[in-house]
Amino acid sequence: MVAPREGVDFPPLNGSDVKIGIIKTRWNKDIVDNLVKGVKEGLTECSVPAENILEIEVPGSYELPLATRFLALSNQVDAIVSIGVLIKGDTLHFEYIAESVSNGLMNVQLQTMTPTVFGVLTCLNLNQAKERSSGPDNHGISWGKTAVEMSVLRRYALG
Amino acid sequence: MVAPREGVDFPPLNGSDVKIGIIKTRWNKDIVDNLVKGVKEGLTECSVPAENILEIEVPGSYELPLATRFLALSNQVDAIVSIGVLIKGDTLHFEYIAESVSNGLMNVQLQTMTPTVFGVLTCLNLNQAKERSSGPDNHGISWGKTAVEMSVLRRYALG
Amino acid sequence: MVAPREGVDFPPLNGSDVKIGIIKTRWNKDIVDNLVKGVKEGLTECSVPAENILEIEVPGSYELPLATRFLALSNQVDAIVSIGVLIKGDTLHFEYIAESVSNGLMNVQLQTMTPTVFGVLTCLNLNQAKERSSGPDNHGISWGKTAVEMSVLRRYALG
Amino acid sequence: MVAPREGVDFPPLNGSDVKIGIIKTRWNKDIVDNLVKGVKEGLTECSVPAENILEIEVPGSYELPLATRFLALSNQVDAIVSIGVLIKGDTLHFEYIAESVSNGLMNVQLQTMTPTVFGVLTCLNLNQAKERSSGPDNHGISWGKTAVEMSVLRRYALG
Amino acid sequence: MVAPREGVDFPPLNGSDVKIGIIKTRWNKDIVDNLVKGVKEGLTECSVPAENILEIEVPGSYELPLATRFLALSNQVDAIVSIGVLIKGDTLHFEYIAESVSNGLMNVQLQTMTPTVFGVLTCLNLNQAKERSSGPDNHGISWGKTAVEMSVLRRYALG
């Protein structure tokens, strides 16, 4: 069993009938795969059955908001974890993508009322991304639990 | 009785029939708990009965806007205080979350017409967050009063 | 008679039948009061009668956009001046509030089609705010005239 | 005949039946007047008749988006050039106005489907603004041509 | 055959019945032309027939979002690649245009549900733009493939 990363604890969550979507980019595939693995660990700890997890792949982070919107509108899942890795580069590409994507995902979750976990690492270098995607500090673990908790809240809210 | 922090005074506010929602994150739990305590002090000073305060918990700040939208649309409260703590870290996570959340909460309050107090501390270090969440400078106190004042304004505006 | 601050001149404006809303914060009360005084001077120069000026108070700048939206939707005024003072502090509170509020007020005026003058000083220190709120450089004067001019434009536009 | 500024060439454009709106601020009047002159040169080169040019004045740049929205919704013009000059100052006024206005004008053109040329100079000092508003580098010239080209595209798009 | 740039691999994609729009600016024409060439290479690798590619030209990057919206609403294409080049200059024009355009394109794709590839280089100097638009690192190649992949996802999502 993996300890949650410092800073946030989760109450016991029963996700046995919750459906979760994972949307992941193929940029920085190794890191993203680790994050997805972390998300699944978190989901498993909350008893989400493997068959309730829907996984979709897109090329890069700028594609995440629209893919998230498509999935949210399909009514197939209760919450979505949108995963990507952005690394600061020589140009300002990182800055404008990171801003559009973080605001875009926020807009999508507010409009569709489908909780969307911001699973995009916005790092200054590759090493930072590695640290946040491996071992007990794998951010995916808490992202998975967040998705379950927000699914429960959503059901309560929407009746 | 706690003196208000420098900068803003409140007129006498009668919140005896006002209903307030508090949405709080579990990240930086100790600080958030202090802020919630401050909010409740402010509400009590305005005569808001304890049973009129609805408290909801989410994992982190990125979850605040959607939870706020759910609560606003439920018509259970007159105003909401959305509380979280963001601390500048080594990556740019802080910057993108802080921007999405502050804009997201603004959009939610404008669209739902439910006043939402921005109770998210955006600090450079933990110490700044501690200072702003304890003693007479506990920002929660004025956030609570702000929620009551805006509830009154909203009733007046919406008739 | 007060000379307009350098940079912008106004044509003669007849605001005798124009109704203007002033929304002001209580943070930095002295400076805000001076700005309000400046706005009223500007309105008087345009012949707006005192009884056509509606004044509303909110705690802080984050509350301005929603209060502005409430007032705009009430159809009681032709234009609104939203007044606050933000001073750069030790945390990043200033930056996120200033961005949300400036974008929020812009969105409110575009959606409600009620001209909203951006009367929020975004200063690095208190002294800058004092300079811009007193004497002939009191920004409120031109804000008041701007509100009248935009009221006239709005009437022309909306027929 | 004035050479276009380095960077962009225009194809021959026939704007003889195109109607263009110019919205201009009174702040930095001399520079704005030069930019307007440049726009008209560009329009004339595209055969837009003088009587097809509608000119509207507002006080400052924060007023541009709403005035642009009013004009777009009036169906009197095929495209709009919104002109202002913002100069970096001692406070952060410049930054928040520039962001709200550039995003605001973008939103207006997307919502109204009326092309809006971003004719706002965002300069660090007055000299930069002068250079970009005079002689062959007068940015207004390409703005005028841009308005005509986008008018043609719009007609094609909207049928 | 050109190797994909480091960072992202594409699965085999069959774009034989996919229709793609390319919207390109005339600013920095040489670089943009190279990027377009790259996009077409990517499309050809995915078997998109040349007659299924629709190409539209606009003056500059600020025009991209509206032109993209026009094309998306025309229902003529499954996805769009919007191409421009922005180079950091002496003023802050670059910053405000880049932000408006990246957010604008994101909004357009979310609202129209037509995938839009962010094909705008945001560079500090011309050399960076040249490097990213030529040889095997020509970003256009992956942009073309991204457009095809997202077209397939869209058809799956919209049924």
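First chain written, first letter: the chains are A, B, C, D and E, and each begins at residue 1.
The rule is short, and it goes like this: contacts are C-beta pairs under 8 Å (C-beta built on N, C-alpha and C of every residue); 3 or more make two chains touch, one makes a residue touch a chain.
Note that the structure is predicted; figures quoted are calculated from it, not measured.
Chain centres here are Cα means. That of chain A falls 26 Å from that of chain B.
Computed from the mean C-alpha positions, the centre of chain C lies at a distance of 42 Å from the centre of chain E. Multi-chain contact residues of chain D (touching two or more other chains) are listed as 99, 103, 107.
Taken as a contact graph, the chains are arranged in a single closed ring, with each chain touching exactly two others. The ring of chains, read from chain A with the first step to chain E, runs A, E, D, C, B. The part of chain A that touches chain B in the complex is made up of residues 7-10, 88, 98-99, 102-103, 105-106, 109-110, 113, 115-118, 120-124, 128, 132, 142, 145-146, 149-150, 153-154, 157-158. Chain D meets chain C in the complex at residues 25-29, 56, 58-60, 62-63, 65-67, 69-71, 73-74, 90-93, 95-97, 99-101, 103-104, 107-108.
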